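So, here's a batch of structures to check.
Note that subunit A is present in both complexes that follow, paired respectively with subunit B and with subunit C.
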Partner chain A sequence: MRKVLILARRELSAYFYSPMAYVIAALFLLMVGVIFLWGVRVPFLKIEMEPVFRSGAEATLRPLFDVLAYGLAVVVPLLTMRLVAEELRSGTIETLMTAPVTDAAVILGKFIGAFVLYLLLLAATGVFFALIVVFGKPDWGVAGMGYLGMVLLGAAYISVGLFASTLTRHQLVAGLIGIAVLAFFTGGLYLVVLAVPAEYAQTVAKLNMITYFADFSRGVFDTRALVFFLTVTAFFLFISVKVLESRRWR
Partner chain B sequence: MIEVKHLTKYYGRTLAVDDISFYIDAGSVVGFLGPNGAGKTTTLRMLTCFMPATSGSATVADYDVFSQSLQVRSRVGYMPENVPLYPEMRVREYLMFRAALRGLGHKRRSSAVDRAAERCWLAKPEDMMRRRIDQLSRGYRQRVGLADCLLHEPEVLVLDEPTIGLDPAQVREMRNLIRSLGENHTVILSSHILAEVEQICSRLVIISGGRIVAQGTSSELRRQVSGPSRVIVELKGGRPEQMAASVADVGGVLDVQHTRAGNWTRLTVQCAEEADLRQDVAALVTAKGYQLRELRREIGSLEDFFVQMTYEQTTRD
Partner chain C sequence: MAVKPEKSDSGKSTSRDLKASRRAAGVNVVISIAVATALLIVVNVISNKKSYRCDMETLGRYGLSDSAEKILGQIDQPVRLTSIYTSTKPDRKPQEYLPRLRDMMGEIARQKSGVTVVNVTSDRAKAEVLARLRRVLDEAAADHHGIIKDFQILDGKQGPQYEGLARQWAEYPSGGWLEQFRTPKALEAAMGATRKQLRETAMELRLDLAAAALPDYPDMVLRVKGTLKELQDRMKQISGGLRKLSALPEKAAKAKPELTTAADQVKTAIAKASGKIGRADAPMPSNPQKVLEAFAANVRQAADSAQLAAAALERFAGEGYILAARSWRFERATLPHRYHRLAAELNRIADQTEGLLRITAKADVQKQLITWARQRMPQHLAQADAVRKAVNRLLDELTKLDEPTKKIFAGVKQDNYLQAQIKPLAELLARAGKAKPMPEHLSELIEKIGQDNIVLIEIGDIAGVVGFDEVWPLAAGRQTDQADEDDQGKRVFHGDSAVCAKMLSMTAEPFAEIVLTFFEDIPPRYLWQQRPPLVGPIISLQLETIRQRLKKANLKVTEWNIAKQPKPPATKDMPQVLLILPPPEPSPTPPGTPQQRPQWSPDEAAKVRKVIDGGTSAIFLAGYFYPRYMGRVAMPAYYGFGDYLRNDWGIDVKVALRVIQTRPDPLNPGTFKLPIHTWRHMPLSAFTDHPVGEPLKARRLYWLDVCPITVVSDSKTGAIIKDILAIPKGRCEMWAISDIKSLIGKVEQSEPLDADPNSGDLLPPFAVAVEARKQIKGEQVRIIVLAAGESFTDYYLQNPMIRFSEGGTIAYDPPPTADVDLLINSVYHLAGRDEYIGAGPAIVEPIEQIAPGTMLGVKILCGIAVPMLMFAIGIVVMIVRKR
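On to the complex of A and B.
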């Protein structure tokens, strides 16, 4: 476990050594800021969303979180794409895997490193929540559940992104695979539900991460949702370890 | 210390290492010698647990590289070819990270890093340890890689092409360093330069086409090589065929070939093992009244042997 933390620390500091973390943080916060203060309006796609922060609105970050759940499907893979792919490209995988650490520790360390960065980004949205606290009376329970949902959703997204990163030595490819997989398990499944026969539609709908996230963002604590996110995270971490192990055999 | 039995590795359907076996004693410096693509790196990667063998087994310090991988890895310091390092880290930070990864405690970490840095001439200039790795020259990167291997005082050092890409002065430094490391560690290094391996290593393993073609100390190998010796004679005073025939009658001569060298005839005389027939040939030449311009004995060098061995192997494939 100590080695996991050592690996996580290196991973986290690697983010801050490169412009990557700053660029993504800026992108993320810009996105949040725009949604918060100006809302989103794309007449072409018939998307219309009032600003979260306006007089007379409910004092909650919920609409923001609902949009972020989709936005993060793009941002998180950008964050995780270098995790393993970069080691494969530069050859540092060789020194890493010949050090006395298990493959599981490597994956877990990388996951935690990226997860901590994600939590920092999420914490930055606290500024917007503080504004809501100052100008309104938010429901703390709903807000807490919303944040819990974001944390769990983030963990699941990161594990998917990390998995994508173990598949290739090209960061960009890893990023695109991650985005594609997440896009499928968020928005994509809505289309699948419409296409499949009615008797399967229910089952397919249950695979959609957004459905479970919606519970949290509504302020409902549902154990099924908790179990779902933890299982998805564990599953993708597990197959990441397996892919990394299988690299030895090729 | 290291025992390898019938190790074989296929990449897909390509055979990279073909049933090699060898044994390395503790405290020796062993050189893996072979042309590019001979299977040196693959063998070293299997010994350092980076990839498993297709078949066969290997043990390092009595631990099996496959089933007791973590024990092996904590006893081996491995410097891969081209020395991959994290470019964004600083030298000291990188070494501290690697020391932690090797399980060195907080207190021992710092002193281990200082010691390894001192050993690999990283302590000077003073700001070296604070420099970013991507700003280091090739020579310094190599030293960082080597310092990394030494952090946990491993029993076995595995260095893949440790001198490749260094300038001549650095090559000499690196060789001296490796030789001095051989006093406390078992060292395996790979190279495709014979002279280098001969200088540093107490034992040589010549590998080609995935197979071991010869192994032993350099003098053992030389003895194998120098088996048949040759005498080169240049003379005139008769018809070439006739002169060749008369030299062939000397006792101990196996074969004589003649070529023209201007007005002179050059005879290449193959002698039986270990024989030195210069005196006999000289006596014959004087007796026949030929004029003599050159008379020398040639012993096959290790270089010839190496090239011949690896050449045979490649032409056979």
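On to the complex of A and C.
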């Protein structure tokens, strides 16, 4: 475990020693700020969302989280794309694989590193929640569950992004694979639900990560959602390990 | 240094081993991934079957209410919930209203197995749903469908027939017998119009069947019936008319001798009278007196014969078709009229002659009269001759039938004419009259399916619709009950209760009986002048909306007219709740009046009291009752159950006071102004935590003619009274006024208003709806008093609300139908079914008003400065790293 933590710290440091973490954080906060204070309006896509923070609106971060759940499907793979792909490209993966750490420890360390960065980004949204607290009376139950949902969703997204990063030595390709997989498990399945007959729609909807996140977003704790996110995270971490392992015998 | 591999047998085996170990590793990875996938699926399936769910939201907005859960628990059939939110109206945007509904429907699907949830957001998907419903509807409306189809077949068959008939009449020979009545043209037009009407109705029906999502079959059959009846009547009228016309030649032939004789006699009589005075060129008689006397007598006879001729002609014509004959008219008047005029002229000549003879005996004056008469009489003779000829012409025309007409009349006389058309019309009309009525749920479906943004509920074979206003009712005002302009369009989510209540009404049998209790004597309308209807301020006939809503809420509705029945209808298997309307004020019958009418008296109130004391719950509808004026003196308002409620329950219903809601007058601090629209639609949602009113707290309800209810301070009734809807202390903009006339005067003069307790005004706190309970003969009895009775009448619940929108323009809002929910909740409560009371929308405290300056600061700080700061740090790190 110590080795995992050392690897995690290394990954986190790598983020902060490069301008990447700051750029991503700035973009993330800008995106959250726009949604929170100005709302979203894309007429040609029929997307219209009032600002979350406005006089007379419900004092909640729920609409923000609901949009972020989709937005993070793009942001998180950008965050994770370099995790293994960069090691593959620069050849440092060989060093890492000859080091006295298991593949699982490598993957877990990288996952924790990215996850901590994600948590820090999420913590930054506390500024917006503070505004809600100052100007309204939010429901703490909904807020707490919303943040828990974001944490679990983020973990699942990171594991998918990490898995994508193990597949190729090109960061951009890894990022695109991650975005494509997450887009399928969020928006893609949503479109499938609309297309299939109602009898099958519910089954298809159960594969959609957003379906489970929606429970947390509205303040409902459901063990089904918890189990789903944890197992999905574990599954993608496991196959990431397996992909990494395969480098030894390929 | 690289080692060159040796090519040897052992080298071959090493390569084979490597391949084998690679394959083994690959298989190992595939198997482990497959196992992991299987594990992922199994764990999630298990967790889906056995899960723990907890709503951490304090207000429970996103979970299902207890009542909804209980209702769902009772449904044992598969349910399909379809939200059809496709409206593009700005006040009904699916983006705004659908997500919450979708959450709720998802929650229902999670709570209850066998519930399928479908969200329809596109017109294409909506069309698919409608097509499915259409199949169900078509099956249920097979009878109606058959009638509509047969009507279209009838159009196909009879259309050409009418065209043929129209053509036939168009080809009728010019100058034919019927031409004198203008019949051919009229019948040609009638047949053409019939063809057109038939085709247009068939076309409308075809369009409705093709274009309407769910055709309104009952309405279509009604239209078919209307058209068939009209056509049948028209054809019968034509057939009957022709039959009457066909009898005319014979009639004319019979009357000919009499009429020609009469006409000849007129001429002869006038000629005879003219002969008495001689021609104009004849010498003047020597004895003019005698000549004039004989002349007057003969003229009088001629006038009489003219009258007789006119009468004979009138008798002949009767009221029949002869009146329409071309020859019946002569020189712009009818023939009898000509004879009447002739008779009048002749009588005038006779009168003048006789008069002159009476006043003078002078020969020269009499000679002058003879000269004058000699000039006039030939004209009358000529006229009589002309009319005689006209009579003969008429009779000739009526008796001489041409061949084509003879043929037509042959059919008419055998009752064959148009029978081929009338019979199928009558048969189809009879079938349409016997069409089975459409099941109630389908009628409602047809009515509501066209609305914007609905929820379709299908349970088994039954389908129901929950409308947008039921799922998203208007929200109560933010700070007070006064709906600010900002709040006007605000809505609250009520879908959980609305959908579950609908499911309950679709599946459950009635579980309680509402006895509409009133004292009324309404005689037949024609007797109203002698016996005006005896009714209270709220008339039972004005409660149709309430009746329908109560039935839909799984309640059986019966009546007890105290004026006619000694006790309420008996019931065995379900609890009864009396819904008691205010009785009419007693007006003593004057002594000696023959017909004694039933009158309201304390004895009648005692009948109600006996039933309540027997353990039956009751809801009393009261309200502000306008005073009656005897001259300038206002008579005190009367409430027939006032004494009972005061003495037995300690509840004082102040029906003489009217609650008003004002607004502070900014120009005169401390005074108020009355917004005119609140006079009829007073917003008030100040419900307490009582189970009846609590679910309605967040909804905007409007009331009419509300009166205050207070508790009798020294009451020893033992009743426990709880407020349901109350105006708390400190609501200075609301009070109950005692002098309505003075208030109206002040409003008209734009004078400021303020409450004046010294003149009888009542300041808050007071209630508007209360529940009272007490033990009677060891049994707990409960009553509810709602002092907003007029708010439950059809007039109030069916008419749109007027609102002054921004800029002072008048806007219309839907009728305040949410008021009925208070009544339904009261019934559920009294019937012991609190679990059916809808949970109602949660009250959410919104983000407070933010000053524009503050908002700008927040936007700059959080929206721009923080991300920029982060970006700047990144740049700094990059620069440092480069160095």
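Rule of thumb we're sticking to: the second predicted complex is superposed on the first by the 243 of 250 C-alpha atoms of A that agree within 3 Å, B and C clash if a C-alpha of one lies under 4 Å from a C-alpha of the other, contacts with A are read in each partner's own complex, and residues count from 1 in each chain.
We take it that a residue touches a chain if its C-beta (ideal position, glycine included) is under 8 Å from a C-beta of that chain, and two chains touch if they have at least 3 such contacts.
Note that the coordinates shown come from a computational prediction; the quantities given were computed from them, not determined experimentally.
**Q** Figure out whether A:192 sits in contact with subunit B (first) or subunit C (second), or with both, or with neither.
**A** Neither partner.
**Q** Tell me which partner A:90 touches in the superposition: subunit B (first), subunit C (second), both or neither.
**A** It touches subunit B, and subunit C stays clear.
**Q** Quick one: classify A:17 as touching subunit B (first), subunit C (second), both or neither.
**A** After superposition on chain A, A:17 lies in contact with both partners, subunit B and subunit C.
**Q** Counting only touches as set out at the top, which of subunit B and subunit C does A:57 meet: first, second, both, neither?
**A** second
**Q** Which partner does A:99 reach: the first (subunit B), the second (subunit C), both, or neither?
**A** Touch partner of A:99: subunit B, not subunit C.
**Q** Look at A:3 in the shared chain and tell me whether it touches subunit B only, subunit C only, both, or neither; answer first, second, both or neither.
**A** First partner only, subunit B.
**Q** Find the residues of subunit A that appear in the contact set with subunit B and again in the contact set with subunit C.
**A** Comparing the two interfaces on subunit A, one with subunit B and one with subunit C, the shared residues are 17-18, 248-250.
**Q** Show me the residue ranges of subunit A that touch subunit C in the complex, using the header's touch definition.
**A** It comes out as residues 16-23, 25-27, 29-30, 33-34, 36-38, 46, 48-49, 53-59, 66, 124, 127-128, 131-132, 135-137, 139-142, 144-145, 194, 198-199, 201-202, 206, 214, 218-224, 227-228, 231-232, 234-235, 238-239, 242, 245-246, 248-250.
**Q** Taking the complex as given, what residues does subunit C use to touch subunit A?
**A** So the residues of subunit C touching subunit A come out as 21-22, 25-26, 29, 32-33, 36-37, 39-40, 43-44, 47-48, 51-59, 61-63, 80, 82, 93, 95, 99, 103, 106, 109, 116-119, 121-122, 125, 478, 486, 844-850, 858-859, 862-864, 866-868, 870-871, 873-875, 877-878, 881.
**Q** Contact residues on subunit A for subunit B in the complex?
**A** 3, 6-7, 10, 14, 17-18, 90-95, 97-102, 248-250
**Q** What residues on subunit B touch subunit A, complex-wise?
**A** Contacts found on subunit B: 11, 45, 48-52, 70, 73-74, 76, 78, 80, 82, 84-89, 97-98, 100-103, 148.
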